[in-house]
Amino acid sequence: MFMRVDKLQAELPAPKRADPNAAAALQELLGGKYGEMSTLGNYMFQSFNFRSKEKLRPFYSLVASITAEELGHVELVSNGVAMLNNGPDKPDGDAGDGGDISGAPFEDMKDIRLAAAFLSGGGGAMPVNSNGLSWNNDFITTTGNVVVDLLHNFHLECGARLHKLRVYETLSDPTGREVCGYLLVRGSVHAHAYALALEKITGVDIKKFLPTPNIPLGNIPECQKYLDEGSHRRLYTFSPNDYKEMSGIWGNGEVALPLDPPGELEVVDGMPEGGKIHQLVGVPSAFTPDYSPEEMFEIAEKLYKKSR
Amino acid sequence: MFMRVDKLQAELPAPKRADPNAAAALQELLGGKYGEMSTLGNYMFQSFNFRSKEKLRPFYSLVASITAEELGHVELVSNGVAMLNNGPDKPDGDAGDGGDISGAPFEDMKDIRLAAAFLSGGGGAMPVNSNGLSWNNDFITTTGNVVVDLLHNFHLECGARLHKLRVYETLSDPTGREVCGYLLVRGSVHAHAYALALEKITGVDIKKFLPTPNIPLGNIPECQKYLDEGSHRRLYTFSPNDYKEMSGIWGNGEVALPLDPPGELEVVDGMPEGGKIHQLVGVPSAFTPDYSPEEMFEIAEKLYKKSR
Amino acid sequence: MFMRVDKLQAELPAPKRADPNAAAALQELLGGKYGEMSTLGNYMFQSFNFRSKEKLRPFYSLVASITAEELGHVELVSNGVAMLNNGPDKPDGDAGDGGDISGAPFEDMKDIRLAAAFLSGGGGAMPVNSNGLSWNNDFITTTGNVVVDLLHNFHLECGARLHKLRVYETLSDPTGREVCGYLLVRGSVHAHAYALALEKITGVDIKKFLPTPNIPLGNIPECQKYLDEGSHRRLYTFSPNDYKEMSGIWGNGEVALPLDPPGELEVVDGMPEGGKIHQLVGVPSAFTPDYSPEEMFEIAEKLYKKSR
Amino acid sequence: MFMRVDKLQAELPAPKRADPNAAAALQELLGGKYGEMSTLGNYMFQSFNFRSKEKLRPFYSLVASITAEELGHVELVSNGVAMLNNGPDKPDGDAGDGGDISGAPFEDMKDIRLAAAFLSGGGGAMPVNSNGLSWNNDFITTTGNVVVDLLHNFHLECGARLHKLRVYETLSDPTGREVCGYLLVRGSVHAHAYALALEKITGVDIKKFLPTPNIPLGNIPECQKYLDEGSHRRLYTFSPNDYKEMSGIWGNGEVALPLDPPGELEVVDGMPEGGKIHQLVGVPSAFTPDYSPEEMFEIAEKLYKKSR
Amino acid sequence: MFMRVDKLQAELPAPKRADPNAAAALQELLGGKYGEMSTLGNYMFQSFNFRSKEKLRPFYSLVASITAEELGHVELVSNGVAMLNNGPDKPDGDAGDGGDISGAPFEDMKDIRLAAAFLSGGGGAMPVNSNGLSWNNDFITTTGNVVVDLLHNFHLECGARLHKLRVYETLSDPTGREVCGYLLVRGSVHAHAYALALEKITGVDIKKFLPTPNIPLGNIPECQKYLDEGSHRRLYTFSPNDYKEMSGIWGNGEVALPLDPPGELEVVDGMPEGGKIHQLVGVPSAFTPDYSPEEMFEIAEKLYKKSR
Amino acid sequence: MFMRVDKLQAELPAPKRADPNAAAALQELLGGKYGEMSTLGNYMFQSFNFRSKEKLRPFYSLVASITAEELGHVELVSNGVAMLNNGPDKPDGDAGDGGDISGAPFEDMKDIRLAAAFLSGGGGAMPVNSNGLSWNNDFITTTGNVVVDLLHNFHLECGARLHKLRVYETLSDPTGREVCGYLLVRGSVHAHAYALALEKITGVDIKKFLPTPNIPLGNIPECQKYLDEGSHRRLYTFSPNDYKEMSGIWGNGEVALPLDPPGELEVVDGMPEGGKIHQLVGVPSAFTPDYSPEEMFEIAEKLYKKSR
């Protein structure tokens, strides 16, 4: 089972301007082969399909718990995409109706790279890559063989790091850069964790591959605050009570990677504090939440009061 | 953010025999157009992309919370699929190595409908439908228009009910039938919830469509115990503290559908008690968790002890 | 069986300039999830697969007849796409050969959003969406359950209306805007018709959802002439003799939607007068109809004479 | 524009038994690369995108008119698929409700090749091939170059003939065999017509390729009656008034292919007489048209009476 | 550039009977995510896109050369698939015409798992997996980052080994088993080679992962002859003169993996001796090479004589 | 079996500037329906699946040999794509590390048409079309019927010629234009060869279709040098010793097409001289071959020396 908390794993700064092509670039980290839907999908189905869960508890717990974190990554990138599509909030953005729409108010939307993101998605995020292609089962490896699956996951995190770095290099807006900075640190943790898991089974010191690509996290300014708070040494259970057994792998005297700030690895019960979810203001002229949303707002307010 | 709990939403009885074609039928409820990946994907991205969240809090909370429940549905169907592929547990199933594999020990696997489920997935679940086709973004509607999205969701739940009924009619094994019985009750709740949400906004008494197809839940023996415990009147927040505002929609004196056991609708904080996750015993001759897993088990046991 | 008439359902004004990105936006209404290929595909296969056709004649006739109209919608959007890709006709555009092509005469085509529309399609329309992705069976719901299928159709028309509105808002050229204006009126008729069909079966006054999105047709200048002529109150049988029985649903004293010009609904035998099909002038330098088409024209002229 | 007539192009005999795998084989002729959706899609979009329509009238008319016939082919195969899935009609098949569904009444449906055809499609036809894969834009060639498009069409019809022959060889039921027999004759006409069109332009006697594969139609018993009535020498305009100009190509003294019954080719105004559409009886236990359809039937009957 | 030699890399024994489902299982090794089209596609595009080829010559040569070997693997599996579909050769199988085809001579083909393999492919191989799904670009990783790409390749070979083992376990026919046996040995070489390449760059002793899954090649009887001849210690340049530089990686005192027969690794110029390509006898009743091929054979014989 | 030679079939001039949209246009010739992956895939699988190879030796040899040439075409286009993405080589382009990447050094990459080509592919080529869609099995026809397959191939080459011409017309950079010029000549040879093969079997003078589109090769300046050297009259066996029998088709007194420089057709043993492969300089800031590649270069140099 899964539970949900109405916060993001990291606080995202507001975008400075609407930039649908930046949002489209960020989509690579959502629905691309090496995006968050892929890390989620792989670990989620691997955890469902895991054989001999009891006998392999630390390994199962690791995959199961990271699955929950990846859900939050999908959420984080999605929020970033929607924010970049939307741009800075307009005061009273969703007040009033959409006005006269006969003057081609969204003419510039036909020239954005992924026009369907506006025409169909209304500026929201969807599980597609930066070319608009759908995420799908081809991106999932769940063989039931523990070494093959973990090795796949290790390669996946290294590839994902490369993709995050390249997307980061295309973005000037703080929203998207923060998404990348946060994910680079957390993805590094996951690569490290899978390396340790593989090392336990095979004896191969595979963590020496890290970082791949071989640029230190410290070179990315947006990673700095997360390194300072020790995020790179921490795995959360993302659970009220379960998955603590992964501390047999992430912990036990293992330490941070050489190029990162030093310290012991630790498993933390529960989840990080996180940040608030950005309020996406509607655009009545784009029919979000609708053309004339005022009555809907009033209804919602009444229902809200009844719910208290 | 999301958290995870190491339980299923419902306890599944053990399968009586391995039945890969039954597992393949159940895949329709996992990766088909009207399967759980679709309900999950629609509500998840709709909740990420929701406009004017504060002003439409009860509606946002409803979609956001049901998303979390759908994660558990994906998990439940996936467990059912893997169990049906695997069959009843063999005592010491994963003890010892895989033995002599030169005698075509899995010859019958080349005749199952979805051979890749064995050859690639090792008998696990994957986000594909009953014909092996991948779930994908074509199944997602997230327009940002609240009425269009909710109307889509209502239609989706009705269609999903039809698909669950038909899959149920093909299954004789208790595992798959329990999955269907549970999901029929919970899907009915979601259809009812979206109907109420739409009624609040539009005034249309759309819940009169229910049940669609027009067969009462009571006709399905596997639904009975869930009806008895009142599951059909209950929405969980699936959250430690959030999403309570949906009680403005699900509650407020609203009652069960006419053909179901009567009573008031209620929002329950947190999650249901759930059942334990079935232990999938490995099959060393199929290389799950590996051909000779014993050393891996020993390593895991040591790591487990260190984690306590 | 189907017959064809060499006219469009509506007369389209000539485009003012070639605008491949506008054509690409219009593709969303052709091959997107909520485009005309989808309405066509859903109703066509539902009508083929319709159970108990005789006993449910008015419902069958409705779906069967609207199928025929949707064929004309696919044709109309396709014509719009090709016209926008082509731009205004050049006098004698296809006279002479294509001249010297060594100077990169179509260099600007590599920067249009959907380059394959030129490189492969030669500026024609194809069943793809605004991102170039193919229409496919994932967009079809044909369950054989009448309520599920009709409910799907109602939601589909509402979603299609939203998509038409957004595409309209990106277009400044009269060709594309006319396509949208006409389709908005006709799509409104279809949504209304499915609402009435559902109301007959379930008693739910589902037409109160309309218009969704909640902007009156009257706000769209390009809809005005169609409203004036009462198109919003009319369903054509699109048949020499069949499908009249749908007047049991569309008719019978039912009237126009409240925000539209008032009046009774009526079923009209046959088809609307329609407008002429725009003559797409060839571009010999793009090898349409060929590099040196003159000889082909002469041959065609001789054959034409023989056919009289 | 298109019109519809409530008949099939050929009368189909009732199936002797339900045979979902035969229906699945027939799907190759519906949604496969060389199936009727492909001939339809190619000619339809080619006719929309046709350049210099006036100057190339006989060629345009040929493609435009055959498009209309292909719609009827899609309809014919779809009817065949649904009939084979359904089996012989049960008297009062859709009377009464669906009864007790708890005994896995459709257990055999989990073993059919395309389980989704039942689980989702309820035994109806869908635009997929014999492996369940969707028809899509990859199967369309519409370049705007007349020779390339016609050459593609000629190859397409030859390939389609091969596929029809192979599907025919797998079917023992009369319904599917009749579909193949009829389509073999009509496909032969289309191959012949495109050959003549190409010959007019290029002077190449390409009709000498026919028949490809090199088996005479006379070897197929199910073709005989269509040959006897001269169907192989006839192209219908499938239009009240248009497309007669194709007689410049199909006519003009051209005669039947050497291995077929001799005679002149002729263009016939309008459409063939056709046969009646088979009444698919509903299966309430499969929720078609619904679980308890009686009330719906009564409503429909009242509406029907009002429509007269 | 590439050259072709009219031999297979290994001699395949004739099949004992036609077994389309066995052929379909083998398709997993052709068009599946971990099949030979994937190893080919990855290495081919990586070698095209390789950066700093001169400076990284040994690494480039390794990837470039293995690409050529993979072409032969695609060929080998394809031959195996076609042979299994075809069954043992019938003497004079393609002499005479196809006879009377009106008796449903291929009725059993509608029940095979991948009916399109017969209906469309005529029993040939296609780049699809064991469920009939197409190989595609989603299976390719070509990032230009050497470590990410090599790590991907190492994981790919381990995953491919698992898939080969499982397919092997489903096959009783000698043709398919020989394909698996040969590919297991050669795939082991490639995994070993990528491990060494990665070790050179990173210092990580990653070859200790091998074999994964952890079953020795010696346990597979069909591998024995290849081990005996030392195939597991040999990389061919598959080139007249190029790619020798890979001996800096595969060689240099490196030795066979511990569980395999011992010995030094060596790069061998050119290609292995290989075996002859099986002659697929046509089936005139299935229209291969055609219904009445005799005339074609005579023509070919004359042309053959002229070519000498 | 296949061998590889470390050269391109034609020497490509260096690009004048990086032009990712030109590279994206060129992708149509790589992964589009009428691109080189399609010609390769069709002929490769047709040659694997060829029935009665011995009896049809000249035809088999033709298809088998052209397959090998197509591999080189895929390589050539891929090199062109990568070169256009990369732009002119920077002296010491890959020396040093990637420097400070925090200033959005690749901001312009988010606006290119196929952003994933940079974000994921690092500027390399992939088997996708100009809209980023994957090449797949839908583009393959391999029926086993010789006439259908050859006719398909003839149409494919004509369609491919049209696509090459249109891509050529969008390119101003010499790299891409040279790719087109070379492929136009070689594609013309293949169309001619398939025409002759079909003529031998059917007697139809199908080569009179050529050139299609009807523009002479001589009109394309980039074709001139290849015409001058007689490339249009030459088929290479692309084999050390095999496939000579195709001279029964390509030769035997057959001559060049009327609009091309005159002369006899000839089969040439082996392969053309070809040109050198362009050295793609890495871009450390884009992590190709890595962020700090110097150590890797040193390692490679040492390994290179050991290999001599």
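First chain written, first letter: the chains are A, B, C, D, E and F, and each begins at residue 1.
Here, contacts are C-beta pairs under 8 Å (C-beta built on N, C-alpha and C of every residue); 3 or more make two chains touch, one makes a residue touch a chain.
Keep in mind the model is a prediction, meaning the values are calculated, not measured.
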| item | value |
| --- | --- |
| Smallest count of steps, each to a touching chain, taking chain A to chain D | 2 |
| For chain A and chain B, chains touching each | C, E |
| Same-site or different-site touching of chain D by its copy chain F, using the half cut | same |
| Maximum centroid distance from chain B, chain identifier (CA atoms) | F |
| Approximate Å spacing (C-alpha centroids) for the pair chain B, chain C | 38 |
| Centre-to-centre distance between chain F and chain E (centres being mean Cα positions), rounded to whole Å | 23 |
| For chain C, residues that touch 2 or more chains besides their own | 33, 113, 120, 122, 131-134, 136, 138, 143, 145, 147, 162, 213-214, 286-287, 290 |
| Chain-level touch network, classified as line, ring, star, complete or other | other |
| Chain-chain contacts as defined at top | A-B, A-C, A-E, A-F, B-C, B-D, B-E, C-D, C-F, D-E, D-F, E-F |
| Interfacial residue positions of chain D with respect to chain C in the complex | 1-9, 31, 41, 44-46, 48-59, 64-65, 67-68, 71-72, 74-75, 78-79, 82, 94, 120-128, 134-138, 140, 142-147, 200-201, 238-249, 251-252, 270-272, 274, 277, 279-283, 286-290, 293, 296-297, 299-308 |
| Footprint of chain B on chain E - complex, ascending | 21-22, 24-25, 28, 32-34, 113, 129-133, 162-163, 165-172, 213-215, 219-221 |
| Contact footprint of chain D on chain F as seen in their complex | 33, 136, 138-139, 141, 143, 145, 147-148, 151-152, 154-155, 158-159, 162, 198, 202-206, 208-209, 212-214 |
| Complex contact set, residues of chain C against chain F | 97-98, 100-102, 104-111, 113-116, 118-120, 122, 131-134, 285-287, 290-292 |
